[in-house]
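Naming follows writing order (A, B, C and D), and every chain is counted from residue 1.
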Amino acid sequence: MNKATLYQQLAPEARHEKGLSRLNQFICLLILLASMTAILETEPTLRLMAPGLFPALEAIFVGLFMVEYLLRLYAIGEDPRYRGLGGRLRYIFSFWALIDLMAILPYFMGFIVYNNAFLLRLLRLARMLRLARLGRFSQAWASLADALKSRSHELLLSAGVAGLLLLFSSCCLYVVEAAAQPEAFGSVPRALWWSIATLTTVGYGDVTPVTALGKVFAGLTAVAGIGLIAMPTGILAAAFSDAFQNKRNS
Amino acid sequence: MNKATLYQQLAPEARHEKGLSRLNQFICLLILLASMTAILETEPTLRLMAPGLFPALEAIFVGLFMVEYLLRLYAIGEDPRYRGLGGRLRYIFSFWALIDLMAILPYFMGFIVYNNAFLLRLLRLARMLRLARLGRFSQAWASLADALKSRSHELLLSAGVAGLLLLFSSCCLYVVEAAAQPEAFGSVPRALWWSIATLTTVGYGDVTPVTALGKVFAGLTAVAGIGLIAMPTGILAAAFSDAFQNKRNS
Amino acid sequence: MNKATLYQQLAPEARHEKGLSRLNQFICLLILLASMTAILETEPTLRLMAPGLFPALEAIFVGLFMVEYLLRLYAIGEDPRYRGLGGRLRYIFSFWALIDLMAILPYFMGFIVYNNAFLLRLLRLARMLRLARLGRFSQAWASLADALKSRSHELLLSAGVAGLLLLFSSCCLYVVEAAAQPEAFGSVPRALWWSIATLTTVGYGDVTPVTALGKVFAGLTAVAGIGLIAMPTGILAAAFSDAFQNKRNS
Amino acid sequence: MNKATLYQQLAPEARHEKGLSRLNQFICLLILLASMTAILETEPTLRLMAPGLFPALEAIFVGLFMVEYLLRLYAIGEDPRYRGLGGRLRYIFSFWALIDLMAILPYFMGFIVYNNAFLLRLLRLARMLRLARLGRFSQAWASLADALKSRSHELLLSAGVAGLLLLFSSCCLYVVEAAAQPEAFGSVPRALWWSIATLTTVGYGDVTPVTALGKVFAGLTAVAGIGLIAMPTGILAAAFSDAFQNKRNS
């Protein structure tokens, strides 16, 4: 495989045909597997069951990603922007190349704390998202983004109204319930926790009003939560409907 | 009733008129009753209240389904694909005929464990679903399936975004809450349980964050859950609206 | 006021002008007040606080409703269908007149148990609903009913799919969790309680799976619940959109 | 800066250009910061951590708002309605000027109870909402308000149906569960608390039915809750779709 075809296979934006190349599809799969491994490794019982498995898997994944990184560095010379040694250096410090590097490097620096490395390894998922944008989902991505953008003012406005509602119901519950439950409703920020769980209709139930007046306000908040869901859903539905019809008409 | 009319009555796809035949309607009812019996039989208090009832009912249902199976085997000869003894054998090993058989056979093999037999008996419901597709709901089925298919990329994309969101909020809560609640947030897969309950706005409340930072992330997750519901709802609404208008215009 | 104008005021369907007559608006208010009284009367603390208030209010309401009933019986003679003594008798046994009577009679029959009388008194609300259909909301009522009817097959189908999903997830949880929690998941009907709370995203949290496999199935059920909400919402949105456009075009 | 330009900067409705003036943008920011301070001040742990911070911040905010109030009072003379001393007095007693005053005054009247002052300070947010209406979001605000208004009858009707459903399910649960759980379901108003949490799919889980019949009714209520969400969402989606198409066609 010469440098030009390798570049075509590795760089999604350089490809003439639609969709992702075989190599990029394989890399997507690799990223998914590596991420899943990183996630499962956090579970202590699994680490105990197979003590040597996770370090071994991680070594394999890091090896493969390093090979890919070096190949990409070699092939990128095909891109006129990154030609020569200076171009290579510029590529290394480009945004996506740094993301790639940050997912490999921690492995070689054993002194980094465990948790941070785990999050750095999941950075790879961001790259997969970027590949998805260029692959088969590029059109769906564009139509969703268009719909969201065309109605961004309406969505922001309904988010603002929701925020005020959230604040208002927190204040009400704070005033009414603070005396009865100082731990849960003793301040507005504390009442916000209840308020957000109610307005989004999550409703954990770890904190609930106990006074009669508090229950009346809570009921009104829950009903307002319906509107909070209905509003953006309606706006999005109308925006998508618009976007789909525009595409059909044009 | 001769073989040809029996075939017309039994095979929904062979019928010229619209809707299901009387016989198939009766079989649908039978399937519903048999499934309900299978479900109620799992309740110990009901089994104790009427010890002989459920085995007797099951015997009746199995008898009727066996008669139906044999009649169908006899009548299927009308179909040119399944003519003769070889055709019959081929029919027996066709997908839907095997489903039918699997719902009857366990009764005669007493040595099968109880739970499995219960699930096999509910396989009959799959057949009812197939009848529904050919009956009165065929058009509604087609229009719903069309709408889903035409927007499958958008729906998959929003599912992907939801998946990443799920993962992201699990990681956040794991990093923040693992120390305070190792049992519930001690690993990313454990935090996923909380995360999925929050993002879908189910909110059981068996596991909730206790640290201030955890509550902030949880609140953001709950708000993102609204988007998780609004997104596919909006896409579906637009897709259905499209599908209905297409039908009216054509 | 003579019989003809009284009839015009009482019978909403006999009215030429749009909207409800003054008298019927007053009766709507009366029904609302009487219903609210009946509801508040069930609260023991309120009964203790004002022991004589509720019986007195109920006596006034029953008196007013009896006067209305007798006036209606007198005025109904204007309707050619209910002319003469035979017509009056026929009217008394008509559906809505019986509803009216059933809300008054229990008061005079002290021997009826308390709870039943309470429910009978709320029957009056049904009449208010009927008045609303003829008043200012008649057009909104018609457009909503039209939209629901035009997509009844799609809605029924999605309800059927939801029902199967409900059953399926109950069976899964029963098989997986029955051993660990026999009280909550010991039979399919018991698991249904959990299943319905999860699929509708209510999520009480009084019953939650504890095994790892149970949590996996529960997570899938919760995600399916999103679809369960998105499906009918999308169908309704498309149907309403259709209905509003039809009205504008015609 | 002379009086005329000051008036242009302060009065959003007097401005010729689109959007908010620099000064009003700064005031919006100030309101947001002051509100956040007022909210955080309610938290006792924060008050303990920085004992002198909150009074100092409030003094600064009150000072700035007072300057703004006096500037506005001075500049309002440019408006022909509020010219002269009589006009100024009329302005002081106009709705929005009173709101402004009520957010400043409590600071100087130390004898007002703490909680009330906190709520008065949040009144300023109302003014920010008013500025948002005149700024960049004016068009989004208009299109949302139009859509809501054009379908107000349908929305009110579905709210009415939801109210009846709420009442109906409370009555059912009261009749069925009152004996088993007198504390939670001992009266219809008490059952309403459970009912509203279920119908809005919040589902705290602090109160759940325990009898078999109660669970059946609760399940039906939860399913009806789906409709309660789907109905207004569908109406809003159709209304927004309508409003967006109208704007495009015109």
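In this section, a contact is a pair of C-beta atoms (placed from the backbone, for glycine too) under 8 Å apart; a residue touches a chain by one contact, two chains touch by 3 or more.
A quick note: this is a predicted structure, and the numbers were derived from the prediction, not measured.
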Turning angle required so that subunit B lies on subunit D, C-alpha fit (0 to 180°, nearest 5): 180
Proportion of interface numbers common to subunit A and subunit B (over half same, under half different): different
Subunit B and subunit D: spacing of chain centres that average the CA atoms, whole Å: 43
Subunit C and subunit D, separation of their C-alpha mean positions in angstrom: 31
Residues within subunit B bordering two or more other chains: 201-205, 229, 233-235, 237-239, 241
Subunit B partner contacts - residues on subunit A that touch it in the complex: 35, 39-40, 42-44, 115, 118-119, 122, 125, 129, 132, 136-137, 139-141, 143-144, 147, 192-193, 196-197, 200-206, 228-229, 232-233, 235-241, 243-245, 248
Interfacial residue positions of subunit A with respect to subunit D in the complex: 153-154, 156-158, 160, 164, 167, 171, 174-175, 186-190, 198, 201-205, 208, 215, 219, 222-223, 225-227, 229-231, 233-235, 237-239, 241-242
Complex interface listing, subunit A residues touching subunit C: 201-205, 233-234, 237, 241
